[in-house]
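Here's the structure, in structure tokens; my notes come after.
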Amino acid sequence: MSNDILVITEHMDGKFSDVSFEMVGKAKELASALGGQAVAVVVGGGVSSNVFASDSTIHVDDAALSNFNPEAYGKVIEALVKEKSPKVVMFGWTVTGMDIAAWLSARTGAPLAAYAKDVRVEGGGIVVSSQAYGGKLMADVAPEGDMAIVACLAGSFPVEAGQGSTAATTMASPVDAGSLKVKFVEAIKPAGGDVDITAQAKLVSIGRGIGGKENVELAEELAKALGATVSASRPVVDAGWLPRTRQVGKSGLKVKPKLYLMLGISGAPEHLEGMKSAELIIAVNTDKKAPIFNVAHYGATADLFEVAEAMLELL
Amino acid sequence: MLTTIEKIIFIVLAITAAGFTFHGFKVIIDSIRKGRPAPELKDVPGSLVKAAIAVLFQQTIFKARKVLSAIHMGLFFGLITYAVVNLVDVLEGLVPGFELVYGGVHLPNAPTGLINAFNLIADVMSGFLLIAITTFLVRRFIVKDKALTFRDNVLLNPKVKAGGQARDSLTVGVFVIMHVGARLMSQAFRLTEGADPFMPIASFLNSIFGASETGVHVAWWISLGWVMFIIPYLSRSKHTHFFMSPVNLGLAKQNPRGQLDPAIPLKVIEGQKYDPGAKVIYDLAWTRVMDAYACVQCNRCQDVCPANFYQRPLSPSALEVNKRYLLKEATFGSHPEKLLLPLTETVISPEAVWSCTTCYACVRVCPVGNEPMADIVDIRRRMLIDGYEIDSGVQNALQSLATNGNWMSKGKRLRGRWAKEMEFPVKNATEEPVEHLWFVGDTASFDERVIPNTKMVARLFNQGGLDFGIMYQNESNSGNDVRRVGEEGLFEQLVEQNMAAFGKAQFKQIVTTDPHSFNTLKNEYPQFGGTFEVKHYTVTLLKLIEEGKLTIKNKLSNYKVTFHDPCYLGRYNGGFTAPRKLLELLGVEFVEMPRNCENSFCCGAGGGQIWMGKVAPGERPAENRIKEALTTFGEGANAKTQLFIVTCPKDMVMYSDAVKTTGNEGKIEVRDIIQLVAEAVGVEMPLEAEAVAA
Amino acid sequence: MNIVVAIKHIPSIADDLPVKGNNVDFDSVDFVLNEWDEHSIEQAVLIKEAVGGTVTVIGVDLIGELDNALHLALAKGADKVVKITADDPAADSHMQAKWLSEAIKGMGADMVFAGVQASNDLDGQIGPMIAAYLDMPYIGGVSSIEANGDSATVNKEFAGGAGAKYSVHMPFVAGVQSAPKPPRYAPVSKVRQMAQSATVEKVAPSGDASSGLAFKKMAPPVVTGHAEMIEGSSKEVAAKIVELLKSKGLA
């Protein structure tokens, strides 16, 4: 039983994601309040692990772990958690962290607070502020018991506070790769030929409000007139109206364009995660209470088709 | 007149022809009987008599194409006359001594006056017939009237594509000319004593060709021998129209226009199991199988079809034509297996099925009582059941309707949000009794662009002292368009939800702002036990003004307006007068567009089209309508503000859009009639309330 | 192939969510099927159509209104439906996952699917927890599953079309992000037919688990900023947006 904070970092193609640094920074703050250490945990090979400002870094370095494998990573982290008995385990609430955090909670009996926007120490324990119900509500929850798992939304804390150069202690994987039921086969690259929306200066982004795949053409026309590219929120992509390569958000891509023109996107937290640092955000939506209007720089309650068509005439 | 050997030949021919004709009609009747049970028809003899009168006076064709209709009338009377003439001619040929037609000398006791009259009518009608048929042949083959052709993207039976219809027309046209011509010649050849004043045309011909006993024989044979070949042919051509159209008209839909036939026959034949809607041709009600035999392929329905105008692959007449050819290939030809092919492969393309706006214009204009629109809805019904991949916009709307009771993916509880923003309390009709239960509808409840008008209606109702309430979250979409998209199960579910809500409420009548809701509440809910009085808000407003409960303070003489009849208020339910009366009372200058009332042109949003993507290029129906309005207003400077008045939330959306896309802003403005009433009456609204409302 | 799909009935976020005490006022909200569950049901039915087998859909009946979602699943091609009669609208993911795993345990499932997430997953998603309770491996963010013999080829998505292909030995639990095809539409008449003819198997909740989270507060988020709203007709809005873009050199 320690007062340490274990931060499960994540990396892909040799690079750590921003949320890893964000969590390390936050963990340091929590650790100092709780009188423990902020420990960064790196699972997998092929990555340089001494990049964190953590009090210490553990690197489970094994070639068999170089690609994300939810089963293997989960078992490694479970073993580590049992060994270290930390006060808090932090995950990113991301496409990889989501595979493990809840599993670990059920395995260990430690409570999980997901969708965390903030974590603070209160009366010797922690309190987590989480988004609930698609961002319609915020909940303050206090995990009970000796250990808590917190899964943080990307972009909740500053990145810089977690950047550093703490040297990592390397350890071998406690998991027998041969016994795994989940086997990595190959990486899937984005379908070739499509544009890289993260490299675009201007995006016209469409959401469920576009209504049907027949209407995507209108957005394409507007984008063309603006010299922009069409991107979309998850429902549009899930419905098959645009390819995955165009998806912005948690399970899509993070974009930082100069212009992000949103048509019919209400602004679910998962989407906001992918675009909130755009330089100019303009949102058109028929629902005047859409949460996107709390984030956008400019907004209009109007019919997206009418606005798009009228804009086309002016451009 | 005929020699014995001629008589024998003729009688053999006649018996053979009768045999073929009998067989032809037996095949047709058998095929009609294979259709599903149709909604029950009441007083069939009465309807048939009414239809016979309509046919006799050619009433139903004058709904469109007035000049051609007049020519059709000539053709019709000519053919009727000729039925008698032919009979007389045959008797003359066969019965020795029977000579009614010329001179009347040999028929004992025949008054000369009757004979002269008969001769005159026959002679003049022959002329009419020749003129009429020549006009029609010239129209089709020389002028090549485009109205008789189909768009390239319309699914057509290969035989139609190969010119089957034209061949049919030519065959019958040439027959009529030969038949009538020969008959005239036979009369001319008889005039041994020179001109007869009661036979001007025959006399003229006689002056050229003279009289000839042999000529009479030859001409008789050409005239009547032909008939023996053509009569059996008719039963195998589109000209079954001659016989089937009066019958079809007599057995046409009797239920209100706004009441669709059920997806499964209400009265089922014992032991028969029916899937909803229609996949193959005999899944259609028998009355609609018969439609194909009544149709003469005049394409009037295509003329008025908004989808066809919008260059979509839909032609209601092609649907009937294809049905006809399919039936012919299967019943007269050697392809009975074609009856089992899906209608979406044989008579109408899936894209065409989903282009229909269910505006009813095709059914309304059809002179013979056909219902192509009903077939389309039945085909949609089955496509939905069979899991055909439907338009994603429609699927989204249906899913939302099933979950939320509205198509706009809004939460149920948000339906009454606009009412809670009002400066006075709007009663909840499910909680306290009201006189008028206002059924608001989805667009008026949720669409931010339409809500200001919704609030205006509430204010005027309130100001007029109308005791009204709404059902808040208990109201569900009425299901009118859901049913027309073919989702019968969802329609029933929505009806049940609304009926449950009505059950909680106490009210005297229902008032609606949406013509689509109005239609189904009025015409279809009664089948589910919902018998209540339903009024459109234009009627309610008119009453408030006429009773002096709302007073017009400002006459709106600075407006020049025209009015668009929404399909579901006008053509479906005859609600033509209330909006016009209102406009009159408001003091505006009113002009009528050429296509008005029954003949109004659909905005293009009905039948689920509003849920679909804007796919097709080309001028949209709503754009065409705005242009029509502007043409009606006339060119040149108009000091008055020109307004396009609507009484349907969907129209507000469609036409506002069309004004912009046609670049006519500033020239014409789209307004809901409520906005004018509010302006004329002067709405008492506190300023701060206005700010809240905005 | 024996596929079990675990679904979640959740408060609809199409409405405003009223709060009572420190939680949602469950009496004043409508419950709907979690939208990702539509994809996991679709994925299960697609596999069944490809290789045969049975699809069982199971969920916790929190407010006694789960039947409609289960009938819908039947209409879309599920073979069997089960509800765990809990009558506890506040049951958290841990609780539901425990009840579900106890019910699924005896079903001999080759694969268990769940929606990758749900909007009320504050204490985690049921998928990974069912995997933990059943001691099966879990893989989430899945965009396609193909069954071949006793293993399956599973595509997991990372971002923007990038992902990885895994071979997973059965039995396992998958969190479905999206099915390879958009969920099909089930005509209501079919759903109603199911409602009349099909039987929903009822199971009493068994087992106990808890999120271990104490709710201290729940409230709508404090709005820190708001967009500058452009007023006027659509045409005016368009003109102002274009003007704005031009002034910033973006159009």
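Order of writing sets the labels: A, B and C. Residues in every chain begin at 1.
Heads up, the rule we're going with is that a residue touches a chain if its C-beta (ideal position, glycine included) is under 8 Å from a C-beta of that chain, and two chains touch if they have at least 3 such contacts.
Since the model is a prediction, treat every value here as computed from it, not as a measurement.
Arrangement of the chains shown, judged by which pairs touch: all-to-all, with no pair of chains left without contact.
Two chain pairs, A-C and B-C, are compared here, and A-C has more C-beta pairs in contact (counted per touch definition above). Most remote from subunit B, judged by the distance between CA-atom centroids, is A. Chain centres here are Cα averages; for subunit A and subunit B they lie 58 Å apart. Distance between subunit A and subunit C, defined via averaged C-alpha coordinates, is recorded as 19 Å. Chain centres here are Cα means. That of subunit B falls 47 Å from that of subunit C.
The multi-chain contact residues of subunit C, meaning those touching 2 or more other chains, are 16, 182, 234-235.
Annotation for subunit B: residues touching 2 or more other chains are 392, 409, 660. Each of residues 239, 301-303, 306, 309-310 in subunit A touches at least two other chains.
In the complex of the two chains, the subunit A residues touching subunit B come out as 208, 211-215, 218, 239, 241, 286-288, 301-303, 305-306, 309-310. Within the complex formed with subunit B, the subunit C residues making contact are 12, 14-16, 30, 32, 182, 184-185, 187-192, 234-235. Across the interface of their complex, subunit A is touched by residues 391-394, 396, 409, 447-449, 611-615, 653, 656-657, 660-661 of subunit B. Residues 11, 13, 16-17, 19, 22, 24, 39, 93-94, 97, 116-117, 119-125, 127-129, 131-133, 136-141, 143, 153, 155-169, 172, 175, 177-178, 181-182, 209, 211-231, 233-235, 237-242, 244-245, 248, 250-251 of subunit C are the ones touching subunit A in the complex. Per the touch definition, subunit A reaches subunit C in the complex via residues 12, 67-71, 74, 95-96, 98-107, 109-115, 127, 130-145, 151, 180-191, 194, 197-198, 202, 226-227, 237-240, 243-245, 247, 251-254, 258-259, 261, 280-284, 289, 292-303, 306-311, 313-315.
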